[in-house]
Structure formats: C-alpha cells, structure tokens
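We call the chains A, B, C, D and E, going by the order they appear; numbering starts again at 1 in every chain.
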Amino acid sequence: MGYFLETLLGGLMTGMLYSLVALGFVLIFKASGVFNFAQGAMVLFAALAMARFAGWLPKWLGFESVILANVLAFIAAGIIMFAVAWMIERLVLRHLVNQEGATLLMATLGITYFLDGLGQTIFGSDIYKIDIGMPKEPLIALESTFQGGVLINKEDLIAAVIAAALVALLTLFFQKTSTGRALRAVADDHQAAQSIGIPLNRIWVIVWCVAGVVALVAGMIWGSKLGVQFSLSSIALRALPVVILGGLTSVPGAIIGGLIIGVGEKLSEVYIGPMVGGGIEIWFAYMLALVVLLFRPQGLFGEKIIDRV
Amino acid sequence: MDPKKIVLNVSGIEVIYNHVILVLKGVSLQVPEQGIVALLGGNGAGKTTTLRAVSNLLQGERGQVTKGSIELRGERIENLTPADLVQRGVVQVMEGRHCFAHLTIEENLLTGSYTRKSKGEIAANLDKVYAYFPRLKTRRTSQAAYTSGGEQQMCAIGRALMAQPSIVLLDEPSMGLAPQIVEEVFEIVKDLNAKEKVTFLLAEQNTNMALKYSDYGYIMESGRIVMDGPAAELATNEDVKEFYLGVGGGQRKSFREVKSYKRRKRWLA
Amino acid sequence: QAKEQFFPVLVYRTGAYAPNGVPFANGYVDYLKYVNAKGGINGVKVSFEECETGYATDRGVECYERLKGKNGGATVFQPLSTGITFALTEKAPGDKIPLITAGYGRSESTDGNVFKWNFPLTGTYWDAADILLQHVAKKEGGWDKLKGKKVALVYHDSPYGKEPIPLLVERSKMHGFELQQLPVAHPGVEQKATWQQIRGSRPDYVFLWGWGVMNSTALKDAVATGYPRDKMYGVWWAGAEPDVKDVGDGARGYNALALQHGAEPNSKIVKDVLELVHAKGQGTGPKEEVGQVLYMRGLMAAMLAVEGVKRAQERYGKGKWMSAEQARWGYENLALDQKKLDALGFSGVARPISTSCADHRGATWARVHTWDGKKWNFTSDWYESDAAVIKPMIKAAADKYAAEKKLERRTAADCQT
Amino acid sequence: MRDHPGPGGSNGGAPEPAPAGTQRQFGEVILDVQNISLAFGGVKALSDISFDVREHEVRAIIGPNGAGKSSMLNCINGVYQPQQGTITFRGKSFHHMKSRQVAEMGIARTFQNLALFKGMSVLDNIMTGRNLHIKSNIFLQALRIGPAEREEIQHREYVEKIIDFLEIQAFRKTPVGQLPYGLQKRVDLGRALAMEPQVLLLDEPMAGMNLEEKQDMCRFILDVNDEFGTTVVLIEHDMSVVMDISDRVVVLDYGKKIGDGTPDEVRNNPEVIKAYLGTSH
Amino acid sequence: MLYRENGQFKTSYQSDQQIFPILQDRVAVLAILAVAFLLVPMLASDYMFRAILIPFLILALAAMGVNILVGYCGQISLGSGAFMAVGAYAAYNCLIRVDGIPLILAILLGGVFATLVGIVFGIPSLRVRGLYLAVATLAAQFFCDWAFLRIKWFTNYTSSGSVSVSNLNVMGWAIDTPVEKYLFCLGFLAVFGLLAKNLVRSAIGREWMAIRDMDVAAAVIGIRPMYAKLSAFAVSSFIVGVAGALWGFVHLGAWEPAAFSVDRSFQLLFMVIIGGMGSIMGSFFGAAFIVVLPIFLNQALPAVGSAFGVTISTAGIAHTEFMVFGALIVWFLIVEPHGLARLWSIGKQKLRLWPFPH
C-alpha cells in the first residue's frame, strides 16, 4: 500500500512536470493555431542560457552570491527568450500568415533545428548544472503507517507547486482578459483576425514570449533535476500525450492531462512493466491518450472539433 | 466625380497571385468622403481582390500588388499592416463570412472591438449591433460555427461595425441573407453613412440593391474597370439594364423563360 | 613522398551523447597528433578526419562510406557505438577494413575465426559483466554467497545495454541469484519508474549499463529514491567524469569498472601529449580535461589503432604505408607487452595485450574505481573474466552467426594471411 | 455565346421545354418527410416538419436565416440525425439515413458554404461525383490496365459533358480554391450532377451571383429538371428565382413550417409575408 | 518558348489522361529514367551510391508512401518509422524462417505485414483527426519500437536485439555491389512510383483527396470515410513497409529498432511537407532535400570555412549544419508553403509564359 501510494505520488509529481512543458504547447496553439514542435528546443535553449549565465555572470561581474547569480541568470535567459520570440515572429511567422497547420508545424520543426544548433553553438554541448538550491535528499513520510514509509521527492514537490502556480496564472490570463479572447480569435482565423485590426505581429511576439518564459521555467526545473544537456529537448515527446489527452486548447487540460499521464505511466511501468519486460511507459502514455481520444476526439477539455457543412 | 474630398484613391494597381496569376490589370477607383461606392461585376472580375488589395489582406492569399498605388487620405498604405489600417478606420468585411468558429457570436462581436478601448463605447456598440440584428442577440451564446449561414453573415458585418470604422469595405454583404435582411443591411449602410458619416466601398452581385443605395458605381470585368458613373446613371444604362438588372428591353424576364432564350446547348442529347 | 596513414575518426560531438563523446574524441585525435609530433609511425605520417555520427546508425554508416576510401583508404574504423558496430560488421568484410571496438561491440566477435575484421580489443561486455559479478561475489565472500541475492540491471535499451544480459543470465543460473532487468529508453532521462521499482524490490546490487545522460540521471534518481550509491556498479562506460560531475556529492561511493585505466592525469603519456601537442597550441579539447577517464580511453583506442599498424609494418615493411588489409594482420597479431607499453608511456595505463587469430580481444583486465565526490579512486584489484564461462558462450554465438551468414570458420591457412 | 450544337450530336429526341405558365406534369411522391424534429441543445432547429416532394418537380424551401432550411437538407443527407420523424424515399422509410446509403439511392446535394475539395482540380472534383459508379477495385486501379482504364475514360467522357454543360471548360484543370465564388458554386453543382441523381438538393446555389449568372444557373437547373426528370429541392433567398422556377414552395420559420403551396399561394400567405418576405414583395 | 503545350492537341481523353500530358514532360521523364538506369551506374562513385543514392531511393519510396497518407488523404502520421520497422522485421523473419523464400517475396511480405499493422493503427483515424491523430500515431511508433526491442522472437533471439541479413540475391543475381543495390532499389522505386501515381489519379486517389479536403461533403457524395482512410493507411504502410525492408536489407545490412525511431518518422514527414503534400514528385524532391542537404552541408561547410581561412571544428560544423538546415526549411516554406513540387510547377508555369512576364 505504501509502495502504491509512493508510486502514485511520484506519478502525480512527474505529471506536473510534464504539464509544465505541455503548457507551452497549449499556449501557442491556443493563441495562434500553431502546433509548436519547437517547444522542446525552447526548453533546452532557455535552460542552457540560464545555466550558462549563472556560471558566467558572477565571473563577468565579479560577485559570488549563488542566489544573485541565479536571479540574474533567470532574467538574462528571459531576455534571450524574448529575443527568440521576436526573431521567430519577424523571420518566420510573419511570412506564414494564413497558411495551413501542416506548414506552420513544419516551420516550427525548422525552428527546432535552428535553436538546437544555435544553442549548442553559443552555450556548448556539455552537461551544465542549474543549481537553484533544490533539496535532493528524499523525504520519508508516514513511516509509522507503512513499513518503509512513503518516499516523497522534495524537489518534485517544489516543482509541482511552481507548475501549479504558473498554470493558475495563465488560466486567469486567458479567461479574464480581452487579449485572451483575441488570442483565441487569431487561432481560429488569421485573416479574419487581421481584418478587424488584431495586430498579429504583436500578439505573436507576446505569446511566444510567454511560451518562452514557460519554457524557461520548465527548463530550469527539469534542468536542475537532470542537468542541462541536449536530451532535455526530448522531454517534449513525453509531454505530447499530455497535450492531446488534456486537449490542445485547454490550459487546465494540460494539468489534468499531466497528472493522468504521469500516474498512468508510472503505475503501468511499475505494475505491468515487469510482466512484459519493462520499458513500456512511453507507449503506455500514448496508448492511454489514444484510448481517451477514441471517446473524446478533442481530448478531455479541448474545444470540440467543429465539423459542419 | 463630385468635388468632395477623396479618402481612398486606388490608381492603376496590378495584383498577381502566386507570382504568376495576374488578376487585376490596372484598376483605378476613388472613394469620396462619406460616399457609398459600389463595385460591380461578374464572378471572377476581381472585386474581392481589389478590396483585399486596399485592406492589405492579400499577403495571406499569396497575392501581391505589383504596380500602382493606393492612398488613404493622401497617405500611401501599401506597406501598412491590416491592423494599422483598422487603426486608421478601414475595416473589411470578408467574403465568405470568416467568423471565429470556436468563439460565440457575442465573443466574435467583442473581438471586433479589439481596437476600441473604452468599455462604455464597446457596450454601446454591442447594443447597436444587436439592435440592427436582433437574430444575433438570440443566438449570442452559440458558437459561430454552429449558426446558420445567414447568421454568420450578420455576425461578420456586426463584428466589423464594432470597430467603429470610418471606412468599411463590404464584400458581398447580401450573400445568403433573407430578402428582408438584405434590405435591412442596406438600410444600415445608409443609416451609418448618413448618421455616422461612414464611407462605404461595397462589392456586390445584387446590382439592383447596390445601385439603389450607392452614390457611385464601378463595373469590373476580368480585372479591369470597364465602366463607371453615378449610380443613377449606371442604372439607366442599357447594357447595365440588360446584363446586370435583367430588365433590358423593358420588362423583367422570368427566370423560367431565360431557359429557352439563353439555351445554347442541349445537355447529353 | 610516402603516403600518409589515414585514420578516420567517427565522433559525436553533438546531440544527446556529446558530453561523453567529446572527451573520447579529443583523446583519440590528440594521440594521432602526438604520433605525428613524434615523427609518425616509423616515419609514416598519420592523417585523420573527423565525421560526426551523432550516435545514430545511419549517419555512422554514411560517415563510414564517406571516409573509407578517402586519403588513400581508411586504415581502421572505431565507431564508438554498438549500433554502428553492428551495421559496419556487415560491411567491413566486403570493404576489407578492420573495425576496432575497444571495450564495446559484439561480444562474440572476439572469435576471430568467424569475425575476421572485428577487434573488440581489451574486452567485451560479457567480460565486463563477468568481472562485476566476480567483484560482487568477492565482496560477499564467495560465489556461493550470491545465492538468493538480487541483482538489478539498469540498462540502455539498445544493443549496447542488452549485450551483457546473456552472461548475467548464465551466471544467475549458475549461482542462484536473481536478475532483475530494467530497460531505460533512449536517451535515458526518464527513470523515475525504474528507480521506483528498485525501491520496491530492493536489490542487493544495481548494475548500471548506461551511456551519456542516462548515467547521471540514474545517479540522481538513486539519490532521490535513497538507493545506496555504494551498491551501484557501472560498466566502464558509466564511470567517467561527465557521469558524476553534475551529481556531485550525491554520487559519492558509486563504483564503476575501469577498462584497465582510470583517470590518469599523471601518466607519462599524458605529460607527453600535453608537452608535444597542447603546449604547441594544437590540443583538441580543454587542457584541464586531458587525462580524464574518457579522454584516456580515446587515447588508448588511438594507441591500439596505431600499434596495429606498427605491428603490421614489422611484417610488411617498416616505414611503409599499410593497407587496411595489412593493418588487419597487425591487429590480429598484436603483441604489446609491458615493456612496449612502458616505452609508449602507457605504464600504469594499459596492460599487455596480445591477439591471435582465435582471440581478437587480447586482454580482459579490469578493476573497479569509486567516486569520492571529487575524483575516481581505484578500490579493487585487477580481475580477468572467467574464460571457462565465456569461451563456450562466444563459440556458440559465433557459430550461430556463421550459420546465419553461411560463413565458414577460417582455416589455419587463412590465419596466416 | 449562342447556339452551338452539342458534342453528342442531334438533339431532336429531347422533349421541347414546356412553355412557362402551362401546367407541368408531376409524378408520385418520391421523397416524403414526416414529422422531423431536430434540436441542438436548447436550439430547436426543426420542430415537427412534414412535407413531400413529387417526382420531377422543383420544390423550393424558403425561410428567414436560421430557419432550419440547411438543417433539413442535412437530415435528409444523413449529416444530422433528427431526434424524431421519418424520411421516406421511394416507399422506403428511414428514421436516420446514412450518407452513403442516401448517395446510393440517388440523392445528390450541393452546399451552402462551398464544400468543394479545395486541393483538387475542377475535373477531379466532378470526377469524385462519379465514384459511386466506379467498379474496378484498388488493384486494377493501381495497375490501370484494361477495364480500369476504360472505365476511367468512360466516366471522364460523362464528366466532360457536365463540364461543357456548365460552361466551365476553361477551368478544367484549375484547382477549385483559386476559382471565384460563383464558379465554385457551379463546380459544386457539377459534382452533384455527376452522381446522376434522381433527387438534387440545392442549398442556395445562386448566392453570390449576379443576374446573368443566376440566369445561367436557373437554366442549368431547369435543363436538368426537364431533360432528366431529376427532382430538384431548392433553397434560395432570391424570391424572383424561387417564384419563377419552383413548382411548390415550403416555408420554414425558426423550425416551424408556416406555409406550403404553389409560389402564388405562398406569396400571398400573410404569415409568410410577415415572417420572411417583408412588405416590399 | 521551348516549353509549352500549345499546339499539342489531345484527340482522346486517353491521351489527356496520361501521367504526363505534355510532350516535353514525357521526354524529360524518359530521359531521367534512362539516366538513372544507365548513366548513373556508369558514372557514380561507390560513395555516391552507398551514402547518397541508395538512401535517397529508399527514403523517397518511404516518403511516397507517407505522402499517400499525409498528403493525399490528409491523415498526418508520425508512425511511419514504425511501419518501416514492421516491414523490415517482418521481411527479416520471412527470410530466415521460410526456407528458400525469394528475396523479393520476403520484402513484399514485409510490406504486407506493415499493411496489417498500418490498418490496425489507422482505426483511430476514424474518430480522431488532425494534430490529435498525428500525436496519437506516435503510439504506434513507440509501441513498435518497444515490441521489436522486447519481443525476442522478432529478432530471432539474438542477444543484442540487433538483426542482420546478408547474401542478398534475386534468383541467382547476387545483390552485392553498390551498383546492384542501387539498381535493385531503383527498380522498386520506379515500379512503386508508377503504381502510386496510378492510384492517386484514379478513383481511389480522388476519394483520399476528397476525405482530406472536406470529409462531410465526401460522405454526402457517397465516399465511405472508413474505406478511404483505411485504404490510405493500407497502401501507405505497404509502401513504407517495403521501403523499411529495403532500408534494413539493402542499406544497413544490420539494424536495431533505433534505425526506425521516431526521428525517422519525423524525417519522413519533413520530406513530405518540404517536397509537397499531395504530390508524388514532391516526395522525391523532399527526400533529395532531406537526404542530400545535411551531407552536402557537412562536407561543404569546412570548405567554405577554409575559404575564409577558418577551420571549423566537427562540432561547429554539426551545429552550423543544424542551423542552416533549419533556416533552409523555414526559407523554403516561406517561398512556397506548398513545397518544392509546387515551386517546380510554378517554375514550369513561368516557363510556359516565358519570355513574357505574365
């Protein structure tokens, strides 16, 4: 029982971390109709920037404080992500107004390559460390209730809280502001949005910038867990089932989806995995999402797919 | 043309789609302040393209203005973004509705007032649109994609009005609307023109209506302006009567008779 | 003017495995530069060209095709990837180019009678697994003490990670310990469930068969689930600085095999390289990393490649350019005794290696080193794998391969060529 | 653009078109819609609608925007499933029709919001209308030998006649997305005609056309109706068209039927005038 | 005015329905085929064959298969790598388990098994659409990756999970040298190219496109979405499966599931989009672009660097290659969102007008 609980908790917290990445996808999709495959690359890029700046800034500016270094590095990386967003709008999106989804998706794949190359060129391809003082040692709770207690990862716990806060913030943004509505309009029809005076350019910069910051937060947390190096971008693939399970257009969906996928894959790996040789969590997550889609093709919380003649 | 001030001056524009398809071959037209100008012509004449060129919505269609100039109140506008144009008061109602499918009717309308900041003004505009189109009010919570064709058309027109434009480019506003609504739409146009001094450039197939309500008309055919003149004059022109109003030679012809006199080929004889 | 001896260098300096690929490549290239600085192989200058594989098989194959005929023909390939090794094993015989897979590759390719062109010099994964078990058994106080124990294998889910399984299975049958197999998908950043399972099953030992980021992630997850690091044993590809560096203190006590050498910043060869290459501004990587574990492994791999050519020259003519086929003979008849190694500056770094037609491996020496939070320290004696267990397995696997490919075992006469 | 002899040769056999005003002959009830009700959540798109369509007639459906006209067609086509009611086609009753079944029975349809296949040429669009008639299987099609090739040509000939008939020869190979709106509507009609339907459902076929084009369109519809005896169900907002070419008219108003009869009867029905026509008609 | 169709009157629909109705095109295609079959084998180097031409041919074949599904039927799939894997492993098992099975039959059987798997994973497409489907097809990808790693029977119990084939021969003709391999693959590509082209210009092809463009309308004119979608999945995965078998047998010789990883799926999708969705020729362009460009960049960059007097490190080259590659993708999309094939046809259209600008 304690073991089950522990797996469950572990799954929930991993799920929250997936949500953080999934959130980036949802934001951009919801606000511009672009399925941004570059989200993983952005996570890596942001994390690399943060990790390197945290190392460089104290050297350049001659101070020692780790906290200050991290704060400044976060800001610097944020600025870089803003620059990235701006460049993407300028050089890519602006020229692809009103194009089909597949084309836009392809463009984001191009961006992925570019960012991967650029990130490694500027920041190097070694493993770097982000040390934001996350506690690494586990916490054993409920030792009296269960034999061996229930192990909780403090680092994950903190990360989950940050993720939840971010999601709450973004949900508010979408629901309560008129910009949120404009963003949804843009996703539906670029041309019509233009025709009523929504400045696509500015909107896109804003959205990609927000997504960049979300990527930065995700990169920071994942980076401090895993170390910052190239494979960080592959967590995007882990977040995809979360995105479709929750619904491409739903911010809260990203969270719920994350929790379901997190728990599903951990439980399956731990309980079913050993029977079939293990390593099933990845496809299990996708299968889980697929099965849900069979019943709700738009994901749990996504907007209904419109199909009318 | 009247001595009134020209707000929109299109001179000699050429438009090419996809780098190869030449669609407009030197179109020039002027829209006077507070005028209602109609752009008439058959399918594929290039009316929509002309409007898109003015509102700068060509880019998304991979079209390009390659020659000529477009001036709004003396300012060249070819390089402005559509959003800039809306800021300057030019709003287009696109052909084929283009409502935001996932947004409700009301959200669609509110999105139309993106450039307006004052809350009170927005609310007033919304009321005005609902007053013009009561049907929209009853369907306001429905997602636009699930409303009927005519409702969507009303929504598209209403949405444009929410931006409080000074110039409206209307592309086939009457399409798909029931007769009395068509009339209403044109009444609204007249109303706005008279009361709020809004200028209109409208592309229409419903020549009858268009000439009835506009001051001046241009007739396009395959990418060129072939005739222009004050609306009243056009309406009495023999060719226009014959081909656009269907009253050539006096009496309106029945659509059923058309069949025999126009038939030129037996199908699958 | 004599032809230059061309050594293609398949590297991965980008992508998921770059942190481990880079130091190896640096060591490899530095050694080749060093050879030139010393005047070449008996006067024959060495040339080389890098090709980026990204640890991907198809890019590796492309690199192979690109470089094999370049600059007069490649001498030998070292793919540094088990996947690429498998693909090249099919191609090398046709092109008549030897493959050195020092410390990786297919275990059965030790059998030179079937795998004429493969040289898994210094040991294979079966050796590694066997030695790890020997070490564990010794700690426990004998093979019989393993009975009832539980060993978990956390492995990279690829041919690389799977290689040791047959041997572990064999041994577990022999000694009655339980083997728990836990695959980790490429690139290995997601191991939560794996370690959750370890926390549930509480194995006595965890063997780590990881590469790249998978190693550090495993250590981090071990920390997070509280699995004692001193019960963890990595293969020799999971025991270098990049694997533990960013885990820092958390990795203290973690053990891994050392493929003959560990980090050897004070060895003669390192000093020579620093002096002859780095001091002249021709060094490939940062100076501080010279002498680290993977750097040393690159250095040694290059040394083996060069020594094979040197050996071949003994037969086909000193100071002459060797064709790949001639070099192959050199690799098959390596005779690096301690004296020669000392002369090369590898004293304390490498142990004697001698190959033959039947045995393409040359040596199976290894020992365990342990991370103390700052550096790797040796914590065991030397081991050699148990031929009695491994030899029959090699034979069986090689026979199976030969049957599948309809190959004849090489004759004694063929061994002379 | 006057008289050309058709490619098919003589046109002597075809009946002379009935002069306007004379009584037209109709057959049996071919399509009978009984008590159809359809609601979307709270919106009652159709409530208890019944009407029939006789063979060979031109039946118009009119009504204000959002009255449920298109929804009616969607029910017949099996796109929507009405909550209540039956649809009887040639004596067979259905509660819910499947799109494929409907197509097989010979009911074709055009769409209000252009539902053409945007990425395909005009020719291919119309050819898809022939798909129901294609016999050769996927393997024959892949090899394109003998029968498959012959069949393809046969259908192509048929489609070419439609193209000639609709006078869109010049655009045969143009992707439909690039055509102006009015021509797209014609292609839509062509696609429906290619199915050789017995009943043709037309949803605002003349929207967005000028007078001349409307005349052409009317001509096409009447030709089809006359020469093939194809029954036509027509939704249209242009009253002069409806009054001129239809034989009987159904009037819907927000889901309810408020009138049914000849154009003249409907025109003078006060309820219809109030709900739809407005005073000026 | 060399390139024009004026004056080439079609006297029958048959001639108008040829694959290439314009005479110049026909001549050009025949010329290309002649060059490919006769001239290239004489001229190209070993390296060209093994590292560029053979991968290009095989991936073009696969891209063609993917294009049928994605470009023609509009079902975006990221599972193509898995279908390639199924083709390769199934063909491998046929080859080793059925004694004396002809090579070509084994490869085709690989395709047949891929078809079956494709149909199974195509079933969700009946409900799930668009990007949701795209992501959902990754389930096939990861599941197959896993199955071939984990189920030992598929790999004939090799300990490493890597399988290999050699001694390929077709009725005594040993396919050994690069030229032979090249011709073997070229033969496949030519035959399948023709078949695929026939399909997409026949009724079934129109059904696929109809479903892609507007499925409700397609249903109303009597097209069964289920049949159209599943047949697209079937045909597509058959071709992709055959390509997979060729990739394993001819190009790699020995492989592991990583050879057909999710990266491969993405790569194939790139080819289709870059080349042009809904264009058989586009698949070739796309494959050429994606196969050749990185190799070209990889070799050209050092040369460019040295021209400016800098030596770029291997890592630098790889990174620059990434950046240039990404930038080029975006650039091509901006120039022509519908892919290289469209660019090509616009070019031809201009040529037709030439020397007049419009």
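Convention: a residue touches a chain if its C-beta (ideal position, glycine included) is under 8 Å from a C-beta of that chain, and two chains touch if they have at least 3 such contacts.
Because the structure is a prediction, the values reported are computed rather than measured.
In this view the innermost chain, defined by its CA centroid being closest to the centroid of all protein CA atoms, is E.
Centroid distances from chain A, each centroid being the mean of CA atoms, peak for D. Centroids built from CA atoms put chain E at 46 Å from chain B.
Computed from the mean C-alpha positions, the centre of chain C lies at a distance of 37 Å from the centre of chain E. Averaging Cα coordinates per chain places chain A and chain D 50 Å apart. Between chain B and chain C the centroid-to-centroid distance comes to 74 Å (mean Cα coordinates, whole Å).
The multi-chain contact residues of chain B, meaning those touching 2 or more other chains, are 146. Among the residues of chain A, those in touch with two or more other chains are 99, 120, 125, 277-279, 282, 308-309. Those residues of chain C in touch with two or more other chains are numbered 13-14, 18, 22, 157, 183.
Within the complex, the chain C residues that touch chain A are 13-16, 18-19, 22, 157, 181-185, 187-190, 192-194, 196-197, 199-200, 212-213, 216-217, 220, 223-226, 242, 245-246, 250.
Across the interface of their complex, chain A is touched by residues 55, 57, 59-61, 81-83, 85-87, 91-94, 98-103, 107-108, 110-112, 114-115, 143, 145-146, 159-160, 162-163 of chain B. Note for the complex: chain A touches chain B at residues 97-99, 178, 181-182, 184-185, 187-201, 249, 303, 306, 308. Contact residues of chain C toward chain E in the complex are 11, 13-14, 18, 22, 25, 50-52, 54, 56-58, 61-62, 65-66, 69, 82-83, 86-87, 89-91, 94, 106-107, 157-159, 162-163, 165-166, 183, 186, 397, 404-406.
Contacts from chain B toward chain D in the complex involve residues 17, 21, 40-45, 48, 95-97, 135, 139, 142, 146-151, 153-154, 172, 175-183, 205-207, 243-246, 252, 254-260, 262-269.
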